[in-house]
Amino acid sequence: MNEPLRQFEPVVTTPFSGIDVGDDLKLSVRREGQARQTVTVGQAVFGARRVVMIGGPCAGEDRESLEITAAAVAAGGATMLRGGVFKPRTSPYSFQGLGSAGLQLLADARARTGLPVVTEVIDPRDVALVAATADMLQIGSRSVQNVPLLREAGASGKPVLLKRGMMTTVREWLGAAEYILAAGGNDLVLCERGIRTFEAATRNTLDLGSVAVVKEITHLPVIVDPSHAAGDARLVTALSRAAIAVGADGLLIEVHHQPDTARSDAAQSLNCAQFDDLVTACRAVARAVGRDL
Amino acid sequence: MNEPLRQFEPVVTTPFSGIDVGDDLKLSVRREGQARQTVTVGQAVFGARRVVMIGGPCAGEDRESLEITAAAVAAGGATMLRGGVFKPRTSPYSFQGLGSAGLQLLADARARTGLPVVTEVIDPRDVALVAATADMLQIGSRSVQNVPLLREAGASGKPVLLKRGMMTTVREWLGAAEYILAAGGNDLVLCERGIRTFEAATRNTLDLGSVAVVKEITHLPVIVDPSHAAGDARLVTALSRAAIAVGADGLLIEVHHQPDTARSDAAQSLNCAQFDDLVTACRAVARAVGRDL
Amino acid sequence: MNEPLRQFEPVVTTPFSGIDVGDDLKLSVRREGQARQTVTVGQAVFGARRVVMIGGPCAGEDRESLEITAAAVAAGGATMLRGGVFKPRTSPYSFQGLGSAGLQLLADARARTGLPVVTEVIDPRDVALVAATADMLQIGSRSVQNVPLLREAGASGKPVLLKRGMMTTVREWLGAAEYILAAGGNDLVLCERGIRTFEAATRNTLDLGSVAVVKEITHLPVIVDPSHAAGDARLVTALSRAAIAVGADGLLIEVHHQPDTARSDAAQSLNCAQFDDLVTACRAVARAVGRDL
Amino acid sequence: MNEPLRQFEPVVTTPFSGIDVGDDLKLSVRREGQARQTVTVGQAVFGARRVVMIGGPCAGEDRESLEITAAAVAAGGATMLRGGVFKPRTSPYSFQGLGSAGLQLLADARARTGLPVVTEVIDPRDVALVAATADMLQIGSRSVQNVPLLREAGASGKPVLLKRGMMTTVREWLGAAEYILAAGGNDLVLCERGIRTFEAATRNTLDLGSVAVVKEITHLPVIVDPSHAAGDARLVTALSRAAIAVGADGLLIEVHHQPDTARSDAAQSLNCAQFDDLVTACRAVARAVGRDL
C-alpha cells in the first residue's frame, strides 16, 4: 500500500552524494519536461516570481499581542501569518502553547488582516482540528520523521509546509516529503531552518547549500527560516538576503511587537520596525535575482 | 497540567555543561538518599546486578525466522526478545514492518521461549494496541521528541524503553524522559544508540560518555544498543564490552539467524553463534565491574 | 611576549554565544569609532565597495594550463589569481603540488595578466620563500591552528588570507586571527569555506551565518570560498550570490580550463565560461546590496 | 619521493565505509600473516599484554608541581610520564607552556622516577630539540594534518604518539599515520581523544568505535585519552574502563597534584588518589579482556 502511484524519468542523472534519485525519491524529483511546482495559499503563491514573506510570533500568546503583530506584518509586506499554538518543547515544564484556544486567535487575526495562516501540528489526532482553521499545516523540525503525522498531513487536503529537521540529511528530508506526496499531499513546500553542528556562535547553522541542492533536484518550492537558525535578531536580515540570493521561494520570519516580553525565542524575534526594514532590504536582492517581493 | 507533582533535592550540585538540573529535569534527577531505580520486565531487571541482554532481529519478518532467532537468543543467554513490527523508515518505499500481524508473531515467540518482548511504537494511536501484547514499549530514536507519543507511552502503564535520538543532546533526551515520567510512566529505561557526527567509518558514533553522564545525574537504568551505532557486525562485541565497562545496565543486540537475508540492517546483525560468543565475552567484563550476565 | 600591544573599547557589548570579546579577542574586535579595515593587494582591495573576485585552479599543474586559466579569469573579471603549489593532502600518496617550481609559474602568470597572486603556505620554514613571490599568503583550513605558521605569516610583512578550518568554531578562527595580528600582520582577510557536519549532499556546509557574525564583531574583511564547500560545480553560482548577499567582501572560486582533467577537486571547478557567467550573476546581487563587482 | 616503499596484501578485504585500504593506506594496514606491532619506549611496551598507563599534568608548570605529580603517578602504576611544554592554545593570550625550559623539568622528573617521558611538539623546527630530551614525541590533535611536522617527527628516529584530531575522520587520521610511516617512523602509536560533535554535556565525544575500527584495520597500537574527551574528572574512570574493554593498548590520563590550581584543564584532571583508584578499577577490566595493567 506504500507503493508509488506514478512513474517518471528524472531530470537529474548525476545525483548528489548519498541521494538515491528514483529509488527513495520517486515523486518529489523533477521530471523531464516538468516545470517547477507552484503552491497557492490565499494571496501567497510559493514558487512564483514573488518571494513569499511569512511573518509572525513564535507562539501565539494572547489576543492583543497577536493582533498587533499581525497588523504590523501585513502592513510591512507579509503575505502570510505564522503563529504557533501547539509548541513541541524540550521540557514538559516549558510553555506548550495555547492549543485549540490559539486556533481561534489565528482565525480572528486572519479575519482582520486578510492574511492566510500557517501553524504547526504535532499530533496526528489533531490534524483535522488544525486543518479546520489553518490555511496551511506546518510540520516542524522535531516531527520531520514522524511518519503517522506526515501521512495524516498529506491526506488532509491542506497545503503542507515541511520543515527540515535540525538533524536530518537532505535525503531524509526528501524522504519525509515523499511520505506526504505518497499520501496525496500535492501542495507541499519545504523549509530549511538550520542544522545542528559543532558551531555555537549561531543557534543552528543555516544550510543554504541544501536549498541549492533541493532546487536542483526537485520540483518543490523551498523557503528558508533564518530566525531559528540565527537565534539572534542581529543576523536575520543578512541571512534573509542570502536566502533569497540562493534561490529561496520565501522566508519565514519571527516577529513580535515586543520581543523582550516574548514567552519563547525572544532573542531572535524582530520587532515590527525591523521587519519593515528587512522587507525593504530583501526586495532589492529579490529583484537582482529576477524575483520580486 | 504539565506541572511536576513532586519536589526533591537533587544530588548533583555541579551539573554538567548545558544541563539544567532542577529546572528542565525535575523527576529524572537522582535525589538525596535515593537509590538507583530498578525496572522489572518479566525475568529482566534493569538496574540490578545482572546486566540485561536483549536480542532479536531488527524487524520481525516471518514466523519461521523469528522463532529460530528467538530460540537461539534465549539459549544464548538473552533475557528479553526484541523485534520491530512498526518500522519508521526514511523512505515510504522501504519495508515498513509487519504491523499488527507482527505483534502476534512476537506473542507466539514469547510463549515458546518465555522471554518478555519489547517492540517499538511510532503512533500515539497504536499505544494501546502495542501495549496489549508487548511487555515493554520502545520509543525509537526518530520519536524521541514526539511529545504526544511520549505522553501516551508514559500513561500506558507499561515499562518504556526510551532511545536517544541520533541527534539529540543529553539534555533533550532527559527532557523526553521527563515527559514520560510526568505522564506517570515510572518504569523507564534509557538507551544510548549512537549519535550522528561527521565520522563515516561507523554508522553512528556510540557516545559512551553520555551513558556515564546519565548514570551520574539520574536514577534511571541506562542500556546501550551497539548494533545500530556500529553498523558493522565486526565491531559489535568490542563495543558491547565497552558499554558494560562504562556502567550500562543492559545491551540491545541485533541478531538474525541468517543476516545476509535480513530485510533491514543486514550488515550489523550478528548470527546466532556470534551472539553466543558476545555473551561469553561480555560476561567476563560484567564480573570485572561488579555485575553479572 | 604574547601580550597585546594595544588597548581599546569594543563595539560589541552583547557578544555572541561562546565568544569572549576582550579576553580571547583583543585586536580583531571592532573598536568604538573605528571603520572596517580595508586590505589592499595590488588592484584588489578587500573591504571596499567592490567585491574582490579571486579565481584560479585548485592546484597549479603545468605552465600551459595555468596560463590559459589565468588569462580567462582575468578576462572574466577576477582581480586576483589563486593557485596552490604546496598542497596539504590527506594521503602522502596524493599529488602534493609542484612546490617551489610552481611559484615561478605563478609569477609568470602574474606577469602576463597583471593579477596579484595568492597561494597557500603550509610550513613555517617556507614562509620567506613563498612571500618572496606571492602577493598574499594563504593559511589553509588544515593549518588554522598551526601556531608557528600563524606567527611566521603574521611577521612576514605580507597580507594574509586566513581560511576557517573545516571544524573550527568562530571563536577558534578569530583566535587564529589574533595570533597573526599579535605577530604584526595587520593586513588580514578571513575566508569562510564550509564546515564539516553530518550532511553529505554537499562536501561541506557553507556557514554564512558565521560570516554575518564575524562582520558584526570584527573590523576585518571576510570573503567566502563556495567551491570547496559545495564540492559540486552546479551549486557554486547560487552560493556565490548568497555569500555576496550576506555581506562577503570577496569570493574565492576554483576555475580550471578543463575541469575533467584537473588533478584535484575536479567536481567543483568551474570552466572558464561558467566563471564568466558567475561574475555576471553575482554583479547584480552586489549592486543590490550597495556593492559592485 | 612520497611513493610507498613496500608492497603487501591487506587482511581487510571488506573495508569500512569511506576508508580506501590499499590506496590511501599502504603501510599502516595489517598485512596477511603479520602480527600486531609492539612499540617499546623504556619500560612501556605498547601493543603487548600489559596496558600502558601514561599519567601526568596537562602542562608542566613548575618544578615542584611536576615532581610531586610524577612521583605519585609512578607510585600509582604509571609506566610513562606526560607533560606539555609547548601548548597550542586557542588564544595567543593564554599560557603557552614553559617551552624549552620545561624540557629540563621533564628530564629531571624522568631521572627521579625512571619513567620515560612523552611531550608534544608543535613546530617542525623544534623536533630535534624535543627529540633530544623526550623519549616519545606527541603530535597533538591540532597538528594531525600538519604535514611538515608529521614528516619531521617520522624522520626523527623517535617513537611517535599521534593523536586523532578532534575534527578528523578515521581515514584522515590514518592518512596522517601514513605520512609518519612513509618518513621512516616505524614506532608509531595512535591515540583517540574525542571528537567534536553537537553534544555539549561532555567536552568532546569519545569515539571508541573508531578504536575498534583501527584495531580491525591496522597493525598499530592504539591508546585512548579519556581526560580531554570527558572534560570532567567524574567521567574519567568509567571511560577508562570502557577504553580498555574495547581493546585499547593504553591510557593517557591527566593527573595534577592540586587540580584546582592547574593553569589549564583543571576540571578534567584527577588528583593523585583518584589516579590510584583509576588504576585499580581498570586492572580488573584489563584482566577480563586478557590483558594486564
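Here the chain labels run A, B, C and D in written order, and each chain numbers its own residues starting at 1.
Here is the rule we go by: contacts are C-beta pairs under 8 Å (C-beta built on N, C-alpha and C of every residue); 3 or more make two chains touch, one makes a residue touch a chain.
Small disclaimer: the values here were computed from a predicted structure and weren't measured.
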Taking each chain's C-alpha mean as its centre, the one farthest from chain B: C
Chain pair, B-D or A-B, that carries the greater number of C-beta contacts: B-D
Separation of chain A from chain D, taking each centre as the mean of its C-alpha atoms, in whole Å: 47
Whole-Å separation of chain centres (CA-atom averages), chain A against chain B: 33
For chain B, residues that touch 2 or more chains besides their own: 167, 171, 196-198, 200
In the complex, chain D residues that touch chain C: 2-4, 23-26, 88-94, 96, 122-125, 142-143, 145-148, 166-167, 171-172, 175, 178-179, 182, 196
Residues of chain C touching chain A in the complex: 16-19, 167, 169-171, 194-195, 197-203, 205-213, 215-216, 229-232, 234-235, 238-239, 241-247, 284-285, 287-289
Chain A residues touching chain D - in the complex, by the definition given at the top: 196-198, 200
